[in-house]
């Protein structure tokens, strides 16, 4: 870790560093959530923040998601820049009214008087804990005008995107995939790591930096097919891209990074070069992220398309507990490979 | 105590000067007149949206807000006109908002159920019952973090005390000794449901005990009693001693919304309460104490009526909010990223 | 009204009749909600049910959406067939956890032991009441595996679909557009009626009947372009279809009636005949109903398409109060007409 | 009262026969052994998912459920194994579910946090804190509508009392006099948060008063005391007199989940509570009263250990839940439409 140019961080550490750096330079940034203080957060993202910033900046809350989300909204309306952490993204439904009806609508309802610089952080993704601790919730909030939705795939992006989110004047949902943390889980054991997760974005500069919300990133350039993927699916898509490279098939892998706003330009210009596309997302299929990406390509890229854009998404089911069943529900490399081969036919 | 018709608080004017008292009287009249004018506007022409009148409840809004400072915060409800008037939101802008005009407090984007004026610390009416409760607590938390002396008041109805968010917020406000004031406007009904039908413990102030918060019932049709209770609670909050729950016992003279007929209420009950009109009660007490003559009071009434006529004229003369106006208000431009 | 063959009902009356008829023949059907008893419901849909069925069948609840939704779930798990009425669909977010994490997931989580025959009724749609009383919420629940979502466009369909929903063993969200009720609003005044709303489905048989969930209905046959529309948008599409007929353009108007399950066969077979399509929905555009419909046509009808499928949806914004602004946000006839002309180019 | 180490309820065996008492002892041992076996399974091999142990809290589950009838309902939490054991869910099926086997109570679809057995009235563990509370109330309402004598019990932790749903449900249960029993398992912590840190009023039973519901604190490590309190509450519910809140004071001996180290707890505190092990306390009392010999108790222990070994063998021998199994469980086929 001595050579900063090659300093590596886990995504957990990168997220923590973005929080620490913003809290040091902006006294308006405060933190609320369950076990975020003394305990350091269920996934240890906020460890030692209470010690550094004290109880006026770091608030350990009772189990009252709707209540502390509303407190976050009220604090945001009155000059703070709160970070509200949910222990698992699945619990956001307990606070849904404050997010959808208040945080996201207040600016419009007030005729532009209100701004709600609130960042909601939540770990998500299927990691074997059953249907109430496994969901990917991004689509509900893409469908919530007034919200921004961020879903990083690696430590470097996570730090820059979170820094931007913390400086944004709108409510931002910042979703963190548990398999990407590289950190311990509340159970104590480390979250099952995923072989597909490569070294992408491991090197993270120590100084603070921003990555604009609404700007996609091409993780791998290619000319035969465009794959738009998020979070863990970026890594699985890259594995498949490596395999296909051996066959001379060049896959372009695009990570939107933010789903709202969505960088349609990067996606559509890629399509103009490849004429074929597959979208890969861990959320459930019906009316999900994949549907929006397909619709965007239908509207903006129809004449470029030589084949239908295919969706590779989670099956339309609550996430089952059994590992074999969960793995069947969540997209994997062979699902992605099969879809790519179909659009290349 | 839920039925004021049996126990009224006497008016205690000690230490309150005439100007302050007449100011509260004027505020109550402004709120009353604002809504009564609207009532007839809704009857006589097609107005956009709907409205919920607080007619008969004005002493709660005015009494509480009179105990606050200009930079204190307020969150309100679907029945929020009186809170806005009390907090000093311009009548012109409020009326223009009801007409969906560009000159409205919310540029015509919010309407009756979302009236707000951040320059006045009025963080908004909320159309979601209970939604303003944690938001006021959040404003109180923010004041604490910023180290100011501000307090935050949340107004909400008896029905709102059955939303879980009320319970979650009170617990945190008490744990953290937030400078917050939770004002229950107990007007006896939540739409058609009486407090007895919807709350297992009709004494709503008593619910505060579950969070080690002092809870007090007040004659909500006595603006001075409300003011004194709110003042004590606000002072306590500023001293860092934590939140207070104030249950103001009152009654709405009109229907739940617009012309809702309130067939679920006994007309005799309505009549009994109308005899406890908070504005008349203050007027009588002021005259009895020689603090105002009927002539002075009529003068104020005339002035208020003129203000409202001016507000309506302002609204009518203002440009309509137009088709594309909303586009600029969806998201905030963030300069510094 | 004497001649039953031509008996006409408002949608409010048709919905009420379905409830009454099921409650008479099935003692397991009970009703919970705010002001549904004594008051007869905010939109008068449940008037006189308390009188007929008594307080053991009709429960006037406090304002506790999460609580009484959960009570509905528990009653459904133990032999009841509860109908939970929300006063406005926007308030479902207060009960979101019980709908998404419990009602919709219990069957899977229990390995098929649980069934949750719960019908959630909620009025929705923009009628000038501002951002917290105007939303169309169907997309969030299309994206909730385990839920069925019904959105009728007329009295005849509403009665048959609700009867089916009440006999279904799964949680069903039954959404009722306020402009279609033809009944009074809680404010006392009648909801602003819409000139576009025609006589479609006004005639309603008195005897009980079912319309299967998952079966779309072709409201107007045509061979030049397929328009898939829901609720009020069905009526607006029919108005446009009449106009275009004068030009010899035959528009096929399909009403899916249920969004989950979605009758993709009817939609795709229409596309095979028309080769062009427009989807019209009142929910906001991003990751909404329109996106799913477009994705379905991309996957199943790509080779049939002579033009991109276009979405006509609400703009991505909370619904503004001002009538001119609301009307600009919500799709109208000219928006639909313009989209159809574009796909016909 | 939160610290049992100072006030213990004595064991009162009057009117309880030996078989019943030994049955409770056996149930507690089954719950203990089930989780302790799992603890070592999680240590020694890769098990699917996670688990939350109720080690030390067994008297709450067993005492309460021993006061119920077979067709009464129970909802449980993320820490639900003991509730299932107490309600008579087969150990084989429970263990198989932990192994994600087709023979599991939920066919391998649910896992530890969603264990249920509808044939036993066990409506499910819930991974969402507080979610089971209204669901139990709904089961109670359903019993009322169907005119049965069933009662419904919801078990939940001290932390769950800060969820709004707790408040909403208690209010309705009291208003409607539902035959429900709300059992707070106060094990002093919600993950890292002590009751004092998360509840403004650490006396959680007292919150019941806000809904005119009787609330009682019980020595949760005394299975007989828990049984008697639950029996009285269940009888009351069956008589149509409404719900009761029972706060059972107890402690979890292990971490929050799996191997969580609980660094936020004072080791001395943990040791003090371990001396109050509910199983040892009953065993000692039974022997002191001459209701059991150590030989008899060892015999029961040996039998229970054998049952658990058999359960593990059953689970290991069972077929894994397979990839496509879930497809049949997403939606119910509805024959009659």
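Labels A, B, C and D are assigned to the chains in the order they are written; within every chain, residues are numbered from 1.
Convention: a contact is a pair of C-beta atoms (placed from the backbone, for glycine too) under 8 Å apart; a residue touches a chain by one contact, two chains touch by 3 or more.
Remember, it's a predicted structure, so these values are computed and weren't measured experimentally.
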item	value
Intersection of contact partners for chain A and chain D	B, C
Most remote chain, CA-based centroid, reference being chain C	D
Distance between chain centroids, defined by C-alpha means - chain C, chain D (Å)	41
Approximate Å spacing (C-alpha centroids) for the pair chain B, chain C	36
For chain A paired with chain C, centre-to-centre distance based on mean C-alpha positions, whole Å	32
Of all residues in chain B, the ones touching two or more other chains	106, 108-110, 114, 126, 128, 162-165, 168, 171, 175, 197-199, 326, 329-330
Two or more partner chains touched - positions in chain C	61-62, 64, 66-67, 90-91, 94, 97, 101, 108-109, 130-132, 145-146, 315-318, 320-321
List of chain B residues in touch with chain D within their complex	162-168, 170-171, 174-175, 197-201, 206-207, 209-213
Of all residues in chain A, those that touch chain D in their complex	34-35, 38-39, 42, 60-67, 90-91, 94, 128-133, 185-189, 315-318, 320-325, 327-329
Residue ranges of chain A touching chain B (in the complex, touch as defined)	30, 56-57, 59, 61-62, 64, 66-80, 82, 97-98, 101-102, 106-115, 145-146, 148, 164, 167-170, 210, 212-213
Touching residues (chain side chain D, partner chain A) in the complex	48-50, 100, 106, 108-114, 126-130, 159-160, 162-164, 190-193, 197-199, 255-261, 264, 320-327, 329-330
Chain C-touching residues of chain D, taken from the complex the two chains share	73, 75, 104-110, 114, 116-118, 123-124, 126, 128, 131, 133-146, 152, 164-165, 168-169, 171-172, 175-176, 326, 328-334, 336-337
